[in-house]
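Below are two complexes that have chain A in common, paired first with chain B and then with chain C.
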Partner chain A sequence: MKNIVVVVCLLLAAATVNAQDKFFTRSGKVTFFSKSDMENIEAVNTKGTSVLDTKTGQLEFAVLLKAFEFEKELMMEHFNENYVESDKYPKSTFKGTVDDISAVNFQKDGVYPIKLKGQFTLHGVTKEVLTDGTIEVKGGKPTGKASFTILLADYNIVVPNVVKDNISKSVKIDIIAAYEKMSL
Partner chain B sequence: MNKQLIYILLFLIASFNSAHAQEKDLLDQLGKDEPTKEYVKNAFKSTRVISSQSLEFLGAGVLDFRILHRFGRVNTGSYQAFGLDEARIRIGFDYGITKRLMIGIGRSSYKKEVDVFAKYRLIWQSTGEKAIPFSVVLVTGMTDNMMKFDDPERTNYYSSRLAFFNQVIIGRKFSDAFSLQVSPTMVHNNLVQTADDNHDIYSVGVGARVKLTKRFALTADYFYQLPNQLNDNIQMPLSLGVDIETGGHVFQLHFTNALGMNERVLTTETDGKWEKGDIHFGFNISRVFTIVKKHKAPKEGGW
Partner chain C sequence: MKYVKILLVIACLGSITGFYLYNKPVKSTAAKSADLGIRSEDLFNEFAKDENKANAKYLDKIISISGVVTNIAVEDGLNIVTLKTASDMFGVICKIEADDVKVKTLKTGDEIKIKGVCTGMLMDVVMVRCVIE
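So, the complex of A and B:
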């Protein structure tokens, strides 16, 4: 009888440990830049959600495209209406893994270089993305940073001829996420 | 204690654990996204359906320079280049003060009339939490006829030049492709031609948009005048057109029996008959400029 109680306790403990390996954020910051001779377009979204599993290295990130803020109202309208079609495809996501997550010591402060690999989805198109980034651990809390560049054409985002000088063919995306411990 | 019960309990806990280890979607663990209220935007491409005000507004700090043309009647034939030899114009500026409030001023060549208006969004169609299925917009304005008085001998008051209009626009973006609005409108003329004429004219506008592609839409704009208010020659204005968007410009091309480019002329002085070919080709060009920028975008790499 006592043994059984011990086993139950252990199993319950295992469940909690499982949750403690995970970190999350609801305020991940995603910035993107389109540079061209005519016009620089920059937008920022500070409401990205992300979960990082420090055991497996799994990482997921999602942003609502309508939450991107632009310098000009018209840029925001065109972004949502004409390019990413946010009514049809409201979210952009990244689902992947941090390679060699075991090299990151989440107990010890420091900046750890990482390699990120995964599936990036935008405008209904999913593509493999491979990039370098860092995880900075400070006081037991990790902050992830990464950036990568995508080609608009890869995601079926068509820029009409009349504005092709205003919008760059490739867009640089910067991501920064300050994680908190997840408690279930 | 019942041993069987304990085994079941053990099994449940174990299966819970293994399920936990296998789950694929990490983000699901954060729970469902909080339902957020989201305002419905872009019911129409422009702040005008064709000649009448639409549900849409300019962004805060955005200036819209609008040039409107209505050519002559198509049925004047080839000698008049089917109306293209003559044109009435309105040049105007609109400005968005907040997301819910905009103002505008314009001058029409017809009757040398200046019009001003203010437009306020009382209710904004939204989705998500506490969703509202429609928008309600209030428009109020004034027109000022700058023509010389016909009869200089008479005592002419400046107030005789003025007319006022009030409008309530109730509309809904039913889908990305279809938007519809209804707009009860009242026009008050301070001075009318004869004592028998009504000072107050009531009408109900209907405006619709069918969006065919991202940058191309069909539009229609109509006013029904309540009966027994106007002279028999006055017609219901009907305009059919297209919206074409190219970057910062919106081109609205249309055919209409109405020359009015402000609410007063549009709803009370349209005299062309569609069935007789009294149709005018016309266009609106809208070019927006961002005067007050929303926020300073971060510098590149500026984490």
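So, the complex of A and C:
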């Protein structure tokens, strides 16, 4: 009986320690820009979820493509129906790690440069992505920022000839995630 | 000569319409009617049980959701209302449109109806362009 109590206590302790290393957000912001001579297209999604493990550096990020908001209705329609086919592939995800996470002191306020490496999935295609970013610690809460550029062709996204001057071949993606401590 | 003038007028009208359609802003949900109605608990359960099936049924649809408010937050100047589900941690998150006035008097625990566009499930079910009915 005593043993069981000890084991349960240890397990609880382990679980607490584990949770303490994990940070979470459900309001991660993803913006993408397509810049071309004809027009600039920008869309924002503020409902991305992300989990960051400050011990291992593991980071996951996911967004629903239909939650991207555009200025023009036609842009939104084309984005969802023709380019990312969000009925078939509703999510885009990033799963990766922050290189050398121990260089970030989560107890001390400051801006820490990071290198991010992982698998980015969009339109059913997964590719390796490498990028630089920062983690800003303020009052014990980290905010992660990163941006990277993807080529639409890499993700089997075909832009019809008619609008090929309106849409850039490469799209810049900006990510900001303000994390909160994960509570059990 | 007369035909040329008529053609010119048609061409002008055409390009104006085209320009207008091309630049049309995203239409407010308030002006659209709901495709279906459901309780927040049931919607979440359907997604938790079989995401693909729920995606086919609800994605892009305008849904009128009834439920109990568990949280109200402001992010980037927009109100985010969370509706209750059977899960303690996850809910139905509704991003309320900027011009909605009813959200200002909303309190946690209120039973309400929200109309919005379903975008799918991450850990929570996410609704965008919502208005409070």
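The rule is short, and it goes like this: the second predicted complex is superposed on the first by the 174 of 184 C-alpha atoms of A that agree within 3 Å, B and C clash if a C-alpha of one lies under 4 Å from a C-alpha of the other, contacts with A are read in each partner's own complex, and residues count from 1 in each chain.
Definition applied: a contact is a pair of C-beta atoms (placed from the backbone, for glycine too) under 8 Å apart; a residue touches a chain by one contact, two chains touch by 3 or more.
Source: prediction; values computed, not measured.
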{"item": "Room on chain A for both chain B and chain C (clash or fit)", "value": "clash"}
{"item": "First, second, both or neither for A:Ala43, with chain B first and chain C second", "value": "first"}
{"item": "First, second, both or neither for A:Leu74, with chain B first and chain C second", "value": "both"}
{"item": "Chain B versus chain C as contact partner of A:Ser27, first or second or both or neither", "value": "second"}
{"item": "Partner chain(s) touched by A:Ala153 [first = chain B, second = chain C, both, neither]", "value": "neither"}
{"item": "Contacts of A:Ala62 with chain B and chain C, given as first, second, both or neither", "value": "both"}
{"item": "Touched partner set for A:Leu130, first chain B, second chain C, both or neither", "value": "neither"}
{"item": "Partner chain in contact with A:Asn166 - chain B first, chain C second, else both or neither", "value": "first"}
{"item": "Chain B versus chain C as contact partner of A:Val111, first or second or both or neither", "value": "neither"}
{"item": "First (chain B), second (chain C), both or neither touched by A:Asp87", "value": "both"}
{"item": "Common interface positions of chain A, toward chain B and toward chain C", "value": "26, 49, 62, 64, 66, 69-74, 80, 87"}
{"item": "Contacting residues of chain A [partner chain B, same complex]", "value": "1, 4, 7-8, 11-12, 14-15, 18, 22, 24, 26, 31, 33, 35, 42-44, 49-53, 58-60, 62, 64, 66, 69-74, 77-78, 80-82, 85, 87-88, 93, 145, 160, 162-163, 166, 172, 174, 176, 182, 184"}
{"item": "Residues of chain A defined as touching chain C within the complex", "value": "26-27, 29, 46-49, 62-67, 69-74, 76, 80, 86-87, 90-91"}
{"item": "Chain A-facing residues of chain B, complex", "value": "1, 6, 9-10, 13-14, 16-17, 20-21, 25-27, 29-30, 33, 38, 41-42, 58-62, 96, 176, 214-215, 245-248, 288, 290, 293-298, 300-301, 303"}
{"item": "Chain A-facing residues of chain C, complex", "value": "21-27, 55, 59-60, 75-76, 78, 80, 93, 95, 117-124, 126, 128-129"}
